[in-house]
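Shared chain: chain A. Partners: chain B in the first complex, chain C in the second.
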Partner chain A sequence: MPWEFRDKVCIAGIGETKYTRWGKQTKSEFALTCEAIINAASDAGLPVDEIDGFASYATERQMPAHLASALGVKRLRYESLHWGGGGGGAPGGAMNAMLAVATGVCNYAVAYRSLCQGQFHRFGQGAASPNAVVGMEQAFRAPWGLLSPPQDYALQARRYMHDYGVTSKQLGAVAVASYKHAQKNPRAVMYGRPITLEDHQASRMIADPFRLYDCCQENDGACAVIVTTAERARALKQRPVYIMGASQGASYRGAAWIHNWPEYPSAAFTEVAKDLYVRAGIGPKDIDVAQVYENFTAMVLLSLEDHGFCKRGEGGAFVEGGRIEMGGELPINTSGGNLAEAYIHGFELVIEGVRQMRGTSTCQQPDAETCLIAGGPGVSPCSDMILRR
Partner chain B sequence: MPWEFRDKVCIAGIGETKYTRWGKQTKSEFALTCEAIINAASDAGLPVDEIDGFASYATERQMPAHLASALGVKRLRYESLHWGGGGGGAPGGAMNAMLAVATGVCNYAVAYRSLCQGQFHRFGQGAASPNAVVGMEQAFRAPWGLLSPPQDYALQARRYMHDYGVTSKQLGAVAVASYKHAQKNPRAVMYGRPITLEDHQASRMIADPFRLYDCCQENDGACAVIVTTAERARALKQRPVYIMGASQGASYRGAAWIHNWPEYPSAAFTEVAKDLYVRAGIGPKDIDVAQVYENFTAMVLLSLEDHGFCKRGEGGAFVEGGRIEMGGELPINTSGGNLAEAYIHGFELVIEGVRQMRGTSTCQQPDAETCLIAGGPGVSPCSDMILRR
Partner chain C sequence: MPYLHSTPRPDTADWNTREWWALVKEHKFTVQRCAACGTFRHPPNPVCYKCRSFEYTWQPVSGAGRVFSYTVITHPTNQLYKEQVPYNVALIEIPDAGGVRMVGNILDCPNDGIRVGMAVQMFFEDHPDGLTLPQWRPSPG
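Then we have the complex of A and B:
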C-alpha cells in the first residue's frame, strides 16, 4: 500500500545561482545560498520571509539560523541536516523538509545546498588534515594511499568491472550522454564543450579506471527548492510538482562506507529503492526520466541496477546505444548533471527533476510524468525521491 | 486545536553512560555513544539492531552511518541533525526523530547526544581557531573579547538584571536547587557536593554576573532515548511516555545569535513556546515539572518567563522561596541538570523528563502528569517538548 503522504507535498519553487568552475565565484558561499533561496521563493511566487523551514545535507556550511536572519524570515519553525558524507543526501534533505511540511511543523520549507569548493576545500584533493571523527574510516584507508574520492571509488568501480565485464567505453557512455545534454543547457559549465566517446577514451587517467571525463566537476554555486503542502502549492505561481515517495538510509552494514559492504560492489541502494517504490506505489518501469547522482560514471551503472532498471551486472549494456540519452528509453541527467552541468553536491539534479515535471527542461523528455532522483550512489546513507507532474 | 500527532509517539527507552568531569572518561566518544544507545535499547526491551533511525543535534560528532554499522543495525531508514549552535536542540533532536516515526519513515528512532569535551574542545574555553563559518557572528564579537560562552551570555544576563532588578542571589537560587536535587542522584557528578546560597555568593567570578556556580559543568558522556509510535511502545518493556507536543525554531531575527534580538534580553522562546502549547493543547498552568536548559542560571529565569510561568522580569522572584525545588510549585532540573548532574549538552534533561513521567526520578515530583523540556535558552534555533505519563 502506498505511503499515506504520497502526493501530499509538492516542490513549488526552484532557484539557483550561476554555476562556475571552483574558485570563480565573486560572492561568498553565504551570499550565494541566500541568492538561490531568494530565487526559489521568487520562482514560487512566495515572499521569501514566509519560508519557515530549512533543510540541507552532508557538509553544508550555511546554517539555517544565519540564513533565516539574513532573509528576514518571520518565524523559523524547522531546521535539519540530512546527515552523512558525500552526495547521499540531495533527495534526503528535500525528504526531511517534506516530513516537516507533512506533519504541519512548518508551512514552506526550503531545501538547499551550497558548495563553494574554491572558498574552502576542493573535494578532489586529499584532505590536508583529515578530520579524525567525521572521516573515521579514513584511518583505515589513508595508510594505503586512498586520500581522495576518485581513489576510493576507483576500487569499487574496478571490482564491479572485473566481476561483470563492464568496459571503460560503457562508463564513457554516461559521460557522453551528460555532455550531450549539457550542450542544450546554457546554465551548464560545460555548455559549448561537447565530447565524444573518443575524447573520453583519450582523456587522462585520474584514478584507474576513472579518466578525466568519468569524474564529476569541482564547482561553486548554490541551489534551493521550496517544499510545501499540495494545497499551498496550488495557490502559488508554478505548476506543482508532487513528491510521490522518498526514502533514505542504508542496508545492513551499508553505512560502513564503501569498502566492506556485504553487497559490494552495489551502490548500496537496493533496500532504499525498495522502500521508495513501495511508498510511491510504482516501479522502475513507471519511471520516465531519471536524475542519477554521478560522482563517477561507474556509480550510475550500479545505481541503475540497484533501482531495478536492469539486473546486477547489466548496467554497462544498459547505458549503451543511446538508451540514457535524450529521446532514449530512460534519459538521465538531462541538465548535464554533476559531470557537465555543475557539481553542487547533486542538488542541481533535484532542480532538473522539477524542470522535467514542469516540462521546462532544456532536454525535455516528451510527456514525462515521473522522475526518479537518486542520491549519491556509493555513499551512505543514501537517499531517493520520485516526483510526478 | 491540538496537533494531530499529539500522544501518537512515545519515548520508550532511555540510556546513558557514566557522566564524568571533562577528560575523565576512559572510552572514546564513539564507544560511549554506542554504550548509551545500547543501554537505551536494553531499557526499552528492544534489540539494538532494530533501531532504524538516528537523530541528534548541534555539534554532535558521532554520525549515524558509523553508529548504525557498529551497532549492527539491519536497515538504516532515517538520520538527521537538528541544526544549530549550542544546546538549542535537545528536544529538537528528539522532535525530528518523532517526525520520522510519525510519518512511518522509520519504526524505532534513537535520539542521542554525545559530548566528550576532554577529547576535543572544552566549551568554556575560547576557540583557539574559530571556524569563520559556523561561528560567523564571532567576527562581530571576538574583536571585543567575547570569546567564550560565559562572556557572551553575561551581557544578556547583565542587561536582564539591569532592566528588571534581578539579583545575583536570585540567580543563585537556580544553582542551589540544582545542587540540592543532585544530592539525591548518584549519577550526578556533583553528588555528595551540596552548596548553599552563601557558597554561590562566595564562588569566584567567571564573567560578571556569572560566578562559578552560575555556570554549567564541562562533562564527558553520552545519552540516548528510543522514540517510537505509541502502539509499538506499548508492546515494549517500559511504561510509555507520550510526546504531547514539540516545537523548534526562532522568532523574527531570533536566529541572529543573541546580541541583536528584537526581544532581547528574552531567551527567544516566546514564539516557540506558543507553538508548543497549541500543539500540546495545554498551557503553562498544566505543567507539573520542568527540565530547563541552563548553560547559565540567568537563562533559566528568562526561559521560565518566555514559557509563561511568570511575566517578563518576574523570573527572579519566581525562582525564590523553594518554588523550583523538590516539593515546590514547579520543580525544575530534578536530576541536578547541566549545573550539577552533568552537561551532556542538555540531553540528560530529556532523560530526566522521561524518568519523571515514569515515576522513577531520584527527585520524583508526586503525581506528576506532565513535564516540559525546554532547550537551550539564549540559543537559536531553540526547541521545546512536553511529555506526559
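Then we have the complex of A and C:
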C-alpha cells in the first residue's frame, strides 16, 4: 500500500546564490538567504509574499520569522527545523516542508539552507578551541584531541577499510567522480580544477585514512526550494518535480555518543532507507541517478551500501570503473556535490536532484526519471528523499 | 607531560557525567552499569536504554582494552595544534564492560605501529591543571 503522500507534493522552484570558497562572499549570510529564497520563488513564478512556510535544518542561523518579515510575506503559517548536527536534514528539511503543505498547514513552503563558514565558523577548525570547556558528547572526545569532522569520521572509515579491505584508491573514485562532474558545472567552486586519482593519492593526509580530497569543502552560500501541492505546482511556471517518498530519523541507538552506536560501520541510513523505499513504492534498482551527501568519501560508500545499491562491504568495488560517473550505471553527485560544487550542507544536492528531474543538469543523465537524495551519512537523524519527473 | 598539552577541557560538573569524572580524578576506572539489568553504558547517561531504570552503579573495570579503530591526525585544526601534530586518537573497546567504546590516545607506541584489535591497557594521565584522563598503552593482552 503506497504512502498517502506519494506524488502529492512537488518541488516547484529552485534558487541559489553564487557559491564561493569560505570567506569570499561580499554579502551577509542573511542577505544571501533572502536572495536564494527570492530566486527560488522567481524560478517557480510565485510571488515571494505568497510563501507562508519556512523549513530548514541543522544549525541554520536565519530564522523563519525574521526572513518572513524581511521579505514581506503576507502570512507566516509554518516554520520548522529538522534537528541534528551535520547535513542529516538536507532532504529532511524539504520533507518537513512537504508534510506541511500536504496536510494543509501552509500552501507554499520554502525549504532552505544558508551557510557562510567564512562569516561564522569553519567546520574544519573543530567544535571547540583549545582550553575551552566542553560539555555533552564533546567532553568525551575533545580532551583527547578528537575535534573536527574529518578526524571523527576517520575512525569509522578506518574500521570500515579494515573490516572489508576497502582501499584509499576506492575512496578516491568518489572524489574523482565529483570533480569530473564539477568540470561541466560553471557554478561549481572547483570548476576548471579537475583532479585525477593520482592527484587524490598524492594529496596531503588530513586524518588517516582521509586525504585532502576525501574531505568536503568549506564554502559560503545559500540555496532554497519552493515546495507545494502537486495541484498548485501545476499552475506555476516550471514542470513540477514530484516527491515520491521521503524519510528521516535513525536506527536503534544511532546517536549513541562517541561511536557507541551498534551498527558499525554504517552511514546510519539502513532503517531510514527502508522507510523511503516502502513509501516511494520503488527500490534501489529503480533509481536512475543519485545525490549522495559526501562529507567524506568513505561515507558515500557506506551510504550506497545502506541504500541497497550493493551489499555491506562492497561499496569500494561498486564505485570503481566509472559506475558512479556520468554515463555510468548510477551517476552520483552530478553537480560536483559537497566535494567539488559547494558545501551548502548538502542542500545543493536537493537542488541538483530537481535539475536532473527537469532535465536541466549540466551533467544530465539521459531519460532519468528518478533521483535519490541522501542527506548526512553517519549522523542521526539523517534523511532521504526520492524525486521523480 | 600529557600526551596533548593543549586540548579542550571536559565539563566535569555536568550532572549526568560528573560522578564518572570524579572517580577518574581519584584514579578509579569504572564503567556505568544499570543496577536493574546489568547493561553497561558509556558515556554516562541517567537512564538505562534496555530497561529504563534510573538506578546504576559504577563498575570497576581492569583497564584492559582493545583498539576498535584509530586515526593519526596530521592536519592541525587550527594554529594551536600545529606543534601537537601528528598525534593519534583511538576508539578503545572495553571487553569486560560489554564492549563499550571510549576515545583515548595510545602512548608508548609509534603511530604507525597502531593496529585494529591491538591489546591496550589503561593508565591515568594527570595534567598540570588538575584534569585526569584515562589513557592507553600497548599491553601483552
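Brief remarks on what is shown
Convention: the second predicted complex is superposed on the first by the 379 of 389 C-alpha atoms of A that agree within 3 Å, B and C clash if a C-alpha of one lies under 4 Å from a C-alpha of the other, contacts with A are read in each partner's own complex, and residues count from 1 in each chain.
Note that contacts are C-beta pairs under 8 Å (C-beta built on N, C-alpha and C of every residue); 3 or more make two chains touch, one makes a residue touch a chain.
Only a predicted model underlies this, so the values are computations on that prediction, with no experimental measurement involved.
When the two structures are aligned on the shared chain, A:R253 is found in touch with chain B and with chain C. Contacts of A:S148 after superposition: chain C is touched, whereas chain B is not reached. When the two complexes are overlaid on their common chain A, residue A:R158 makes contact with chain C while staying clear of chain B. Contact with chain C, but none with chain B, is seen for A:G124 once the two complexes are overlaid on the shared chain. Shared-chain residue A:A139: touches chain C; no touch with chain B. Look at A:D286: by the touch rule set out above, it reaches neither chain B nor chain C. When chain A is checked against chain B and against chain C, the one touching more of its residues turns out to be B. Touch criterion not met for A:E314: it reaches neither chain B nor chain C. Judged by the touch definition given at the top, the superposed model places A:D208 against chain C, while chain B stays out of reach. Overlaid on A, the two complexes show chain B and chain C touching the same residues of chain A, namely 133-134, 136-137, 253, 257. Residue ranges of chain C in contact with chain A, taken from their complex: 4, 6-12, 14, 17, 41-43, 49, 68-75, 77-78, 80-81, 84, 87, 89, 91, 100-105, 116, 131, 133.
Listing the residues of chain A that touch chain C in their complex gives 124-126, 128-148, 150-151, 154-156, 158-159, 162, 204-209, 253, 257-260. Considering their complex, residues 3-5, 29-30, 52, 54, 56, 61-66, 68-69, 72-85, 96, 99-100, 102-105, 133-134, 136-137, 247-257, 271, 275, 380-381 of chain B touch chain A.
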